[in-house]
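Some notes on the structure that comes next.
Just so it is clear, A, B, C and D label the chains in written order, and each chain counts residues from 1 on its own.
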Amino acid sequence: MLRNDLPLGADAAARFLPWIVGTMVYLAALALASAFAVNLAIGSWRADITGELTVEVPDFGDVADTERQARLEAVVTDLLAIDGVEGAALIGPEEVRRLLEPWLGPDAAAADLPLPDLIAVTLARDAAVDLPALEAKLDETAPGLRIDDHRGWIERIDRIGTLVELLTAAVVLLVAGAAALAVVFVTRTGLDIHRQTVDLVHMLGARDGYIARLFERHALAFGFIGGILGLAAAIATISAIGLAASRAGAGLLPTVHLGLPHWVALACLPFAAAAVAMLTARWTVLRTLSRGL
Amino acid sequence: MVLLEDVSVRYGTGPEVLHDISFALAPGSFHFLVGPSGAGKSTLLKLLHLAVRPSRGRLNLFGRDVNALARADLPAMRRRIGVVFQEFRLIPHLSAFDNVALPLRLAGAKGGEIRQHVTELLQWVGLGDQIETRPARLSGGQQQRVAIARAVIARPSLLIADEPTGNVDDRIAMRLMYLFEELNKLGTTVLIATHNEALVNRFGHRQLRLDGGRLLTRPRPAEVG
Amino acid sequence: MLRNDLPLGADAAARFLPWIVGTMVYLAALALASAFAVNLAIGSWRADITGELTVEVPDFGDVADTERQARLEAVVTDLLAIDGVEGAALIGPEEVRRLLEPWLGPDAAAADLPLPDLIAVTLARDAAVDLPALEAKLDETAPGLRIDDHRGWIERIDRIGTLVELLTAAVVLLVAGAAALAVVFVTRTGLDIHRQTVDLVHMLGARDGYIARLFERHALAFGFIGGILGLAAAIATISAIGLAASRAGAGLLPTVHLGLPHWVALACLPFAAAAVAMLTARWTVLRTLSRGL
Amino acid sequence: MVLLEDVSVRYGTGPEVLHDISFALAPGSFHFLVGPSGAGKSTLLKLLHLAVRPSRGRLNLFGRDVNALARADLPAMRRRIGVVFQEFRLIPHLSAFDNVALPLRLAGAKGGEIRQHVTELLQWVGLGDQIETRPARLSGGQQQRVAIARAVIARPSLLIADEPTGNVDDRIAMRLMYLFEELNKLGTTVLIATHNEALVNRFGHRQLRLDGGRLLTRPRPAEVG
């Protein structure tokens, strides 16, 4: 009805609101995106090693190559016969050397290292394999053999994953709290600046809700604008970091790509920010007004 | 209409500013409120337009006990009261027109009606060529006239004016007084606080005289409504 | 003289200032600390491998242990004779196995892997060693020998280091800009709220500098308080992250400890923030006032 | 002291509010400025206390051409002028005492001196028991008296008062007029804009009459100083 009862948009404080909300959305978006990326990386790493065992077959001493190959294949056959084992494949010395390359340096491949034979075992999902029993059984076929289920690694990765999730939740909460606090301050400042007008409109018979709506609408609009700007900046930053990282750290940093659900979650941020801004403004005005007569 | 019984007022924890005030204003009556500076005139008016509450005693407005009113009841009641504040209190970013139109808009009046009434009234108080001007660009007396127009535009049941002619010359003061009398004839109860003794003497209305927070004259019992 | 000419500290907007400055200092401190940590990690990693060469001496086939030992020692002697080489030490098979452990899993140590002999060579600072010539020369003593100078790794690490530095600089600049912007807005809001008082004091004959000082002093004090709070929060966060990381990611994440210069740099942040706040407030007031009569 | 030659004033890009005003105020003179509401009285006063600049013509204050003054020269000049604003303009968070003390402090007076002078003056205007009260807790007339005390406390060379008695009763108005006369006797040039015809008639000082932005009476040439 009275769109311009209060020229809130002209106050320095109000013009500040989009910047604050924008910064907060920017930070929240970056935090969420890094959490998504870390979780994706952890997830794929974990998937790689959870469903797998590595069987290490030592050098048998002075046996002939054919004899050795036969023994290895016997182990593979044994493995495949076991419940829960989906696949078992020999990793030849070449492959082992390739795997070790990043560790020993690029020249290791050329070096003439005698290496153990490895068998990569793929397990069915949720298969419960009794490792000691398995080891004992296979040891008959190939004495000295060892099974590695990477359990220590998985536990460490999981702990890092939880840590990242907690940190992200903390950052997002902090940022939402900071944004709400900013809206409280901006709204109170608006009430400060327009104290006399608000009092007067009140005295002329306007209801609290009417006054709250003026601030509310303003916070909604400015919060949303800020949110959109913050999100845009965040997307630009994420892309830039992704690009820079894939160039500079190729091979060292895992390359992950956010999926549709991740982008949707990020796109929700401006709406959430606008809603937080609006409700906070409404609450602040009503609370401040209710203290008067 | 307005009935005070042994009303006292204090601001916060300060001393009492009004002591045991009792009087009644009959519907359609016209009173001046006089008394020296600091006597409590503005405070008494604030009481009547619900800006302060009695700290003791009973205040009855439009047949309802003010002490018993809930916060949510106040807006509707305030819309029946027109107020001219001593310090004008115009909204700085609204034009004279929008300032005067505000009470009509809060009451939900229609656009065409608003435009006609507000324009007419502003012309009457001599501001016909400053309808779209903001308060900061008006002279003191012009602002005072906008404030008066805003107070009367919605034909309030009760009109309260605090020193409404302090910033205008005698010719305009007379014109404004005629406006108040006109409104009074249409049924509005009027109470005007003023230092302008000439004015009080010229218009022979009854007087409430305050001094040191006490009422010296009170309307005769027969007038109580 | 007139300490309370303007009750700036009572405005919602002004009370907001320490929070904004605090948040900014917090973010800047975290960015700086992570940059320091990454740089320290990179630095120590780089130092580890820059001044070093690894000489890989392959299995010589069926030579006796003593013969093999003699040849290795001959290589070491040759190496030590070369200009720029400061030290050369044999890394025995046990040591090599220990180095490989994180890669092959904890059980690798027990496996009976035949491994190459490695010689760790320490170079003098800034020594320019001609690798191909060196390799050709040593090959005479121990044929099939290879030298690895980790150059590819160093380049990658350096690129990551530069990336981190650029990112940090960007964050700190952004944060300083945001803080300055916030001070501009808060100061303008203060001028908005106290417009009438400022105008009046002006009309009574106060100079611009007098009015600017009121805002300036306030921005300095509130900026400094905010900076201290932000820094304290950042230190708490850094410690918490350090603790959590060393617990959850032991071995995966490198443990770095910030040194005195780093802490001094962080401790400068509140002062820098207060100075930025003060100068910005002064500039804002003087600019705004100079527009009037 | 004050010399205007064909001065015109407009606000921003609006129409001219004052047209070709020429007059002079001799040092130590006492003038009333009268005229209907909106005539331009406040604007003329604003010109003299350097709140607006002439858009045309020459204004000479204390022997200096105002159009030629640099921004940095203004503060020192303003300190020689005491102003009572039509809308008081007290500083809301300062007590009556601190409001009145402000010009002395800006001039660098000593604490003990300030305390004595300010207290005496507040007592004289009848606010002896409200020395530590803030403006919001004062009545309209009380605020006006604080504003007047602030204007005269530093013994200005030129005193400009805009409607200084609009919110006080006749008894206090007389008292304030005596204060202005006292100051005038000590050498201050006084110019008072007012609607209070009774007051103007009672004190036989010369009048400047404005109407529609034009000066109708002007002081005789002999008085120019």
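The working rule: a contact is a pair of C-beta atoms (placed from the backbone, for glycine too) under 8 Å apart; a residue touches a chain by one contact, two chains touch by 3 or more.
Keep in mind the model is a prediction, meaning the values are calculated, not measured.
Considering the contact criterion stated above, no chain is in touch with subunit B and with subunit D alike.
Put simply, the C-alpha centre of subunit C and that of subunit D have 64 angstrom between them.
Computed from the mean C-alpha positions, the centre of subunit B lies at a distance of 69 Å from the centre of subunit C.
Across the assembly, subunit C contributes no residue that touches 2 or more other chains. Chain contacts in this assembly form a single closed ring in which each chain touches exactly two others. Pairs of chains meeting the touch criterion: A-B, A-C, B-D, C-D. Those residues of subunit B that touch subunit A in the complex are listed here as 49-53, 71-72, 74-79, 83, 89, 91-94, 98, 102-103, 105-107. Interface residues of subunit D, counted against subunit B in their complex, comprise 11, 14, 35-38, 41-42, 86-87, 126, 137, 139-142, 145, 162-163, 166-172, 195, 197-198. Contact residues of subunit A toward subunit B in the complex are 1-2, 4-7, 10, 196-197, 200-201, 203-207, 210, 290, 293. By the touch criterion given at the top, residues 11-13, 15-16, 19-20, 23, 27, 54, 56, 58-59, 100, 103-108, 110-116, 144, 146, 148, 150, 152, 156, 159-160, 162-163, 167, 178, 181-182, 185, 188-189, 191-193, 241, 244-245, 247-253 of subunit A touch subunit C in their complex.
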